[in-house]
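The structure's right below; bear with me while I get my questions together.
All chains are identified by letter, namely A, B, C and D, in their written order; residue positions are counted from 1 within each chain.
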Amino acid sequence: MVEVLSEQVVRLAYLLSAVLFIQGLRDMTHPRTAVRGNLVSAVGMLIAVGVTVLWFEIISPVVLIGGLIVGGLVGAWLAVRVEMTQMPQLVGVFNGFGGGASALVAGAELVEFQAAAGGSFPLELAVAAAVSGIIGAVTLFGSMVAAGKLHGVISTGAVRYSGEHAVKAALLLVAVVAGIYLVVQPDLLSAYLHAAWVPPYWVLILAASVLGVMLVIPIGGADMPVVIALLNSYSGLAAAGTGFVLNNTALIIAGTLVGAAGMILTVIMCDAMNRSLTNVLFGGFGEVATPEEMDEIYEGNITETSPEELEMLLDTAGRVVIVPGYGMAVAQAQHAVAELAELLDADGVDVAFGIHPVAGRMPGHMNVLLAEADVPYDMMKELTEINPTFSQTDVVIVIGANDVVNPLANEDDSSPISGMPVLNVGEADTVIVNKRSLSPGFSGIPNPLFARANTYMLFGDGKESMQDVVNEYKDSR
Amino acid sequence: MVEVLSEQVVRLAYLLSAVLFIQGLRDMTHPRTAVRGNLVSAVGMLIAVGVTVLWFEIISPVVLIGGLIVGGLVGAWLAVRVEMTQMPQLVGVFNGFGGGASALVAGAELVEFQAAAGGSFPLELAVAAAVSGIIGAVTLFGSMVAAGKLHGVISTGAVRYSGEHAVKAALLLVAVVAGIYLVVQPDLLSAYLHAAWVPPYWVLILAASVLGVMLVIPIGGADMPVVIALLNSYSGLAAAGTGFVLNNTALIIAGTLVGAAGMILTVIMCDAMNRSLTNVLFGGFGEVATPEEMDEIYEGNITETSPEELEMLLDTAGRVVIVPGYGMAVAQAQHAVAELAELLDADGVDVAFGIHPVAGRMPGHMNVLLAEADVPYDMMKELTEINPTFSQTDVVIVIGANDVVNPLANEDDSSPISGMPVLNVGEADTVIVNKRSLSPGFSGIPNPLFARANTYMLFGDGKESMQDVVNEYKDSR
Amino acid sequence: MTDFITNVTLFVLAAFLGYSVITKIPATLHTPLMSGANAITGITLVGAVVVAGSGATTFATVLGFVAVVMATVNVVGGYLVSHFMLEDFHGGGRRDG
Amino acid sequence: MTDFITNVTLFVLAAFLGYSVITKIPATLHTPLMSGANAITGITLVGAVVVAGSGATTFATVLGFVAVVMATVNVVGGYLVSHFMLEDFHGGGRRDG
């Protein structure tokens, strides 16, 4: 009776934590409630873990508590130390750990099952463990490679080689065959192989781990955010799979929620870049424009400007739009930009930020950075909102953005970004573009915007340039 | 093994049908996919019922098939015969049947349990049956009264009497006590009362049935749509409760989905009327304005017009907005109105329909009627979309609408519709109001719009008046 | 087939899901939604079928029969009415043709 | 505790629910959403706790220990990172104060 009661309590607690996860995600629909949502979700996690620790028969508490402490310290240390610009890779690392843990738990459950019950695995257990193992291992190693690329410790280029797809297919085949072996448990060998039921699982894990590396290595560094979102989805699915292994509803519900979330983010990112997921994962993207092409467009058409001139323009401007891009993140220029916006706003200038959905390297990347620099939420305008206003804008300051303001997207059908909606900054009276050189952005193509008559280039590092402008502006007041 | 397999198949089929219900509801988000959504949902139902008939041990097939045929014929006959304007009451009747069926099934399950197993009911079975019985019976009788009021066979007034709330509370108490008796099954009497376990259930049903009548009788006829939406939610909950009784996931999921849907519709309707649900269910609404009040506002300020004059106005108009209301439904004037709009549109006039969320007597009532008359979907504009355009509109034709164009909602804090967003038709150059008299609408208050200088009254039945205008318009071409 | 807590879990998930899905449906479609949702309530027919068909006692069979009739009216009528209404909406686009 | 088909049912409902809820989240919040969702994946910690604590075999215990460490890093790190990011968003409104 006590036994049953305790199981009921645990399951109700799991239900409660599932509700808190759902509510937490629902609260993420608005910045005002998002902090609370994250806390709600964390409370859900605390309840699920706490109840598990309290109710299950814990034979080796030292191991458990040790693991929790070590993991908690490492996690907290990483979270506290990381810089905003390194966020993508950190999320990648965490995510990989989650996936890896799922694969290990599924494996440990197989080991335990064998030790306790012996005999062959029930069908559902074996299938779930195989699925969870493959997905989890791919997630762990794929995420590590992705994080390495984002952090610059692994070649960020698209590493392509002939026979690449054959290698990946072969690895997947090995993993799947090992999985089938685990599931089918060929009867003819059963007497001899019972003791060996587990090894197929580790063969599967090994193959899937190498597969994870091989899948991500060939993808260009700039596509890593998509890969990380996808792997996020995978780690959710791995957790759900482990939930099937353990018959645990909390894992199934929470894992599936995340699986769906990651999948949707992936699709949104691909859509915003106007590319298919297949193209991101397996396609060859990232050929660099030839210098001749660039010369042809830029030669003799580039007008340079200086912080002083920009400051003078701003003095008379009524409406200014700032368009940030990946370069702002690289230069860590968000504070200088925010200060400039605040100064202009204080002087009664109508200032807004025009934020493209895939500016930067993660969805919402620019918003996070600008929010960090205390830019008010309602100053950040989305593409559809800001685009109609460019024709009434005096000055547009493009800082470290390139592809997201490239008119070729609308004009040239053969360009790799063709069809991607872009910010039509060229419609403003004057466009100032701040970047370090004329080198292309992520997509590797030239940008005719730079050569337009009403565009002025402000060459230099984003942070320094913006700081110069701010100083000029302050001096002249 | 066969037994288990069949149960697995049934449960997978139930899952499939739950998915189809969900997908069906999701398809309802757009008129283009809504027809398909309804079919998808119907297929889900077919699968759930079909699989149940095929797999469960059917001892009395004649009873079953007879019931299906009788029910199917009656349902189809009612659906085919009903007029669009009688839709609200028909939905009410259907809904009541669903709730009643749930209550009966729960009762029958108790009877069966007793016949098969004897002894006392498991806790969950008894609780679920009690909940399902109370809600189901309230739904059945409440819906019948609501449908009767809408159809005019039961007094549509708000029938109030002293001690009304006490009567309702007493009935609820009886039902709940019977339910508790069913659940607790007092041990001291158990030997004697075992044979009598079922009677408490029927006491409960009886009390809840009378409660259903008593709850709805006092509510004014015009509030019936809210009542029906709420009862729709109840019948979903009753089905979910029966699902708990039978341990049937299809019933639980589908019933809960509908429970949520009905609840949301109820809240949306109340919000659009700016009233609380409590006020609708228990409050006194519907006092009619005194003739003196009306006289004061209308006396000497009413200008009449004729179909000929309206036609002349339309001849020179560049933009015309038609605002339909409950009177259009009563007069069945939608076809004439649609024809007028089509004629105007063909002559290059910019025509739109301004549709208030609670115009008519059901949410989306006007849209259904106009769609029936082939008005294109994109001509129907919602309140927030149409309101800013009235100032650029030459002629507004208000047909059978009253409360939804009453400026008192914005001006008079003490009015019963105060705070309800209304269509600001008065901003147009000329407003033509077509209704039969100066009598008030649903809320019973006078409408100062009628007395404004730019408002002209076109008295008469909606259908006839619109037909006259159409004829005039055709003649003059 | 399933136990109480599982049932509660399904109930909770379905409630959240119903809320998310329904709030996306535009006001225009609320009347057909109401009758469509109403048809879904007829799912109780599944329970009625089991009760009517198994015929453990005459009383239960009678109850089952009545329940089957009522639920079938709800299902068949509900879906047909929604279909007619929605067809009209569909027709609303006829004019372009 | 629950059986396979129940698990599949929960999976399906959660997938629909995840889809409905996530599509309502604005692009602005996608980065914190990603790290928040990522933290939720750490739910596998629940499984890791059971495995590590029950210590049926030394091998399983070792696996469990590693799994607990990894999952805890994911949970603690994930929630903290999301919190820091979202606090900034919150701070985005500071200016009015």
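Following the convention adopted for this analysis, contacts are C-beta pairs under 8 Å (C-beta built on N, C-alpha and C of every residue); 3 or more make two chains touch, one makes a residue touch a chain.
Worth saying up front: this structure is predicted, and the values here are computed from it rather than measured.
With every chain reduced to the mean of its CA atoms, the largest distance from chain C is reached by A. Separation between the centroids of chain A and chain D, computed from CA atoms only, is 15 Å.
Mean C-alpha position of chain A lies 45 Å from that of chain B.
Work out the mean CA point of chain A and of chain C, and you get 41 Å between them.
Among the residues of chain C, those in touch with two or more other chains are 2-3, 6, 9-10, 13-14, 16-17, 21, 24. In chain B, 11, 22, 249, 253 are the positions where the chain touches two or more neighbouring chains simultaneously. A list of each chain pair in contact follows: A-C, A-D, B-C, B-D, C-D.
Chain D contributes residues 5-6, 8-9, 12-13, 16 to its touches with chain B in the complex. For chain D in complex with chain A, the touching residues are 1-4, 7, 10-11, 14-15, 17-19, 21-57, 59-61, 63-96. Interface residues of chain B facing chain C in the complex, by the touch rule stated above, are 7, 11, 14, 21-22, 24-26, 28-32, 34-35, 37-39, 41-42, 45, 48-49, 52-53, 56-61, 63-64, 66-68, 70-72, 74-76, 78-80, 82, 84, 87, 90-91, 94-95, 97-102, 104-105, 107-109, 111-112, 115-116, 124, 228-229, 232, 235-236, 238-240, 242-262, 264-265, 268, 342, 355, 357, 362-365, 367-368, 370-372, 374-377, 380, 382. Chain C meets chain D in the complex at residues 2-3, 6, 9-10, 13-14, 16-17, 20-21, 24. Those residues of chain A that touch chain C in the complex are listed here as 8, 11-12, 15, 18-19, 22, 249, 253.
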